[in-house]
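The two complexes that follow have subunit A in common; it is paired with subunit B in the first and with subunit C in the second.
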Partner chain A sequence: MSRAIEMNDINIPGTQSIPSIRADYAAGLLRMAGDSYPENSFELFGPVIEWVEHYLEAETRPLHLDLALLYLNTSSIRAMMDIFDLLQAAHDNGRPVSVLWRYDRRNERVRELAEEFAEDCSFPFEISPTAIDHERS
Partner chain B sequence: MQSPDLNSLREFCNARRIMLCFNGPISRSLIEEIGNALRNYLEADRVQPGAAMDVFGIYIEMTQNIRHYATRMNYGEAEAAATVVIARDETGRHVVSAGNLVEVDDGRALVTRIEQLAALDKAALKQLYKEQLRRPRDTGQSSGAGLGLIDIARKASAPLAATALERPDGRSFFSLTALV
Partner chain C sequence: MNGPRRELDADVERALADPAQQDNPLRPLLAELWDAYRSHVQRMDRVTRLSDQFQAIARGEHLSHSQQFEKQLRQLAKITRISDRYQAMLHELNLALSHASTHDVLTGLANRRLISERLREESERCDRHGNRYCIALIDIDRFKQVNDVHGHDVGDRVLIGVARALESALREYDLCGRWGGEEFLVLLPDTKLDHALAAAERIRDAVHALHFDDLDPPLQLSVSVGIGEYHPGEGADACLKRADHALLEAKREGRDRALVG
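Moving on to the complex of A and B:
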């Protein structure tokens, strides 16, 4: 069969140009955090897109994305759009899917980036500022 | 061998408030290293996080565009070089410039494209950006080509400026400048 691959969890530690990516199949949870500007984003996000696709096909349980992504280059933005499109299609079929995107309230650019994605999604997509107390004076 | 005139290079850079410049073959890791230096300078200058992210993002898109172009054209190392300058203007805005060798026709097309983008306001750029994002990608193409220029135009606080200087060797030197 073509679906011979085992659906393992994904655990990619972040670097300065690659976000940390953790996909927990049992929990139905995908976490991504950090900057993303690899030269070839397809190499990085291809397996993540496949994981989401497979999870949504094989399971009926909810899928939640917990994001703390910062700067994304345009090829990473394309990959994220592909992921959100999969979630949107699942939502349209009645599947429970949701996104939480956390950002540092000092950086409006990250909020704007998240909002532009959220504009094209009708499933629950929360954009939440995190308080940065230690910088307050 | 004549030693390079470092003093006039230094004076040239200082007079133009150049904080960072690079000229030569550019690799994936060099883009990251120069990017790190840029981020550190911006932080030391206490630039707002949002503006710092715009300067950094423009730098990344420009240099990655250059790398993708050289790969697509099968350029050798010497032709796959980039000239990158990041400076501040007299009003304190950041000036991000990058240039590379391109085919003459590509240079002309790029300048035309930049002129089209420069005529658009932020709302029109956003609409164009969303359309481009939804456009089907060429198979096997890893880059966000096309989207990058619109992204740069959206992050810039003034219309982009571009030139393509035709050279006797049959190529053009394309250069693009964005203000933040």
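Moving on to the complex of A and C:
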């Protein structure tokens, strides 16, 4: 059994307090959109961090993150930083990784916050004012 | 090894090799002592090397710990910074929402929700202290006609103009709000009827002074005002009812006037 089959895709529909999270192993794509103030952020982001870790370890293909996150509580910020750290380490080892953080142009605050995240990352980290589909269920 | 010791070593080795000393009775003793000394030095060297290695490992660990610590400290500082900014964003959003939920979008005046709340508070305050307040209900005369003749965008301009005229005619602590449609409500705290009437006249003058020069036919605005004075203990609705009644009376008597209910 190949690891790609072992490794399930993640598909969490967003709610008012958790973002929609879609991890597509075959496409090497992780999407997250919406607000994030979960009751238990470890429970929510643990599998996501694991998924990223595993993908980066098992594959040599590129990994792309497509984000349209709005409000993040402190533990969600921490989880995002952990994910970006994984990407940075992979990038340092020559792996192609990239992030696109989309924000509503009416909310410049979100752009500023994305910039804070991008500050320590040397891999491609694009922050773009684009149309956002919040993918809420 | 240092100089004097190396010299001593050489002297001893020379003495042991010297044929003239072969029969020296102390030579076997010196030879034994020499061997013991040599192995002792070797052991010392080994212990020193090992000790150095352990120290290097410990130092390395200390460095990596302090590096990790530094890294986590930086991370914590960053999380805190980002978290603070998110909270600031939420706070601003709350303020904006709170303003949006209590103010009229078109005129920027207090909306009915805020007016009702302030009326309730002011009534309770008056009930406790026996103070009085007055309410003035203000209705734009023949507003429907403005909309019919000039269109709704002009109607909106008129509403905004009247809102500014009301504000200009009032004191800072009076509350002025849009009660609905073309009707406004003014809450005059700590005010008796005669002063409320004077305020109503100031309002009527300010509205008369409004000009909309670009309109054809020209627009001459007026308002009708109904005033009610609050009696402690009666509740805001009773006072509102009197003001409403006075407003109806003012309309019935031909508009463009202020009456007390």
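Here is the rule we use: the second predicted complex is superposed on the first by the 125 of 137 C-alpha atoms of A that agree within 3 Å, B and C clash if a C-alpha of one lies under 4 Å from a C-alpha of the other, contacts with A are read in each partner's own complex, and residues count from 1 in each chain.
Quick note on the criterion: a residue touches a chain if its C-beta (ideal position, glycine included) is under 8 Å from a C-beta of that chain, and two chains touch if they have at least 3 such contacts.
Everything quoted here is computed from the prediction, not taken from an experiment.
Chemist: Can A:81 be said to touch subunit B (first), subunit C (second), both, or neither?
Modeler: Touch partners of A:81: subunit B and subunit C.
Chemist: See if subunit A has more residues touched by subunit B or by subunit C, and give me that chain.
Modeler: Of subunit B and subunit C, B contacts more residues of subunit A.
Chemist: For A:20, using the defined touch cut-off, is the partner it touches subunit B, subunit C, both, or neither? Pick first, second, both or neither.
Modeler: neither
Chemist: First (subunit B), second (subunit C), both or neither: which does A:109 touch?
Modeler: both
Chemist: With both complexes superposed on chain A, which partner does A:73 reach: first (subunit B), second (subunit C), both or neither?
Modeler: Touch status of A:73: both partners.
Chemist: With the two complexes superposed on chain A, say which partner A:98 touches: subunit B (first), subunit C (second), both, or neither.
Modeler: Neither partner.
Chemist: Pick one for A:117: touches subunit B only (first), subunit C only (second), both, or neither.
Modeler: After superposition on chain A, A:117 lies in contact with subunit C alone.
Chemist: Do any residues of subunit A touch both subunit B and subunit C, and if so, which are they?
Modeler: Of subunit A, residues 71, 73-74, 77-78, 81, 109-110, 116, 120 contact subunit B in one complex and subunit C in the other.
Chemist: Across the complex, what residues on subunit A touch subunit B?
Modeler: Where subunit A meets subunit B, its residues are 16-17, 37, 39-43, 70-71, 73-75, 77-78, 81, 104, 106-110, 116, 120.
Chemist: For subunit C, which residues are in contact with subunit A within the complex?
Modeler: 75, 78-79, 81-83, 85-86, 89-90, 92
Chemist: Considering the complex alone, what residue numbers of subunit A touch subunit C?
Modeler: 71-74, 77-78, 81, 109-110, 112-113, 116-117, 119-120
Chemist: For the complex, give me every residue of subunit B touching subunit A.
Modeler: Of all residues in subunit B, those touching subunit A are 28, 31-32, 35-36, 49-50, 53-54, 56-57, 60-61, 64, 67-68, 126, 130, 133, 137, 142-144, 147-148, 151.
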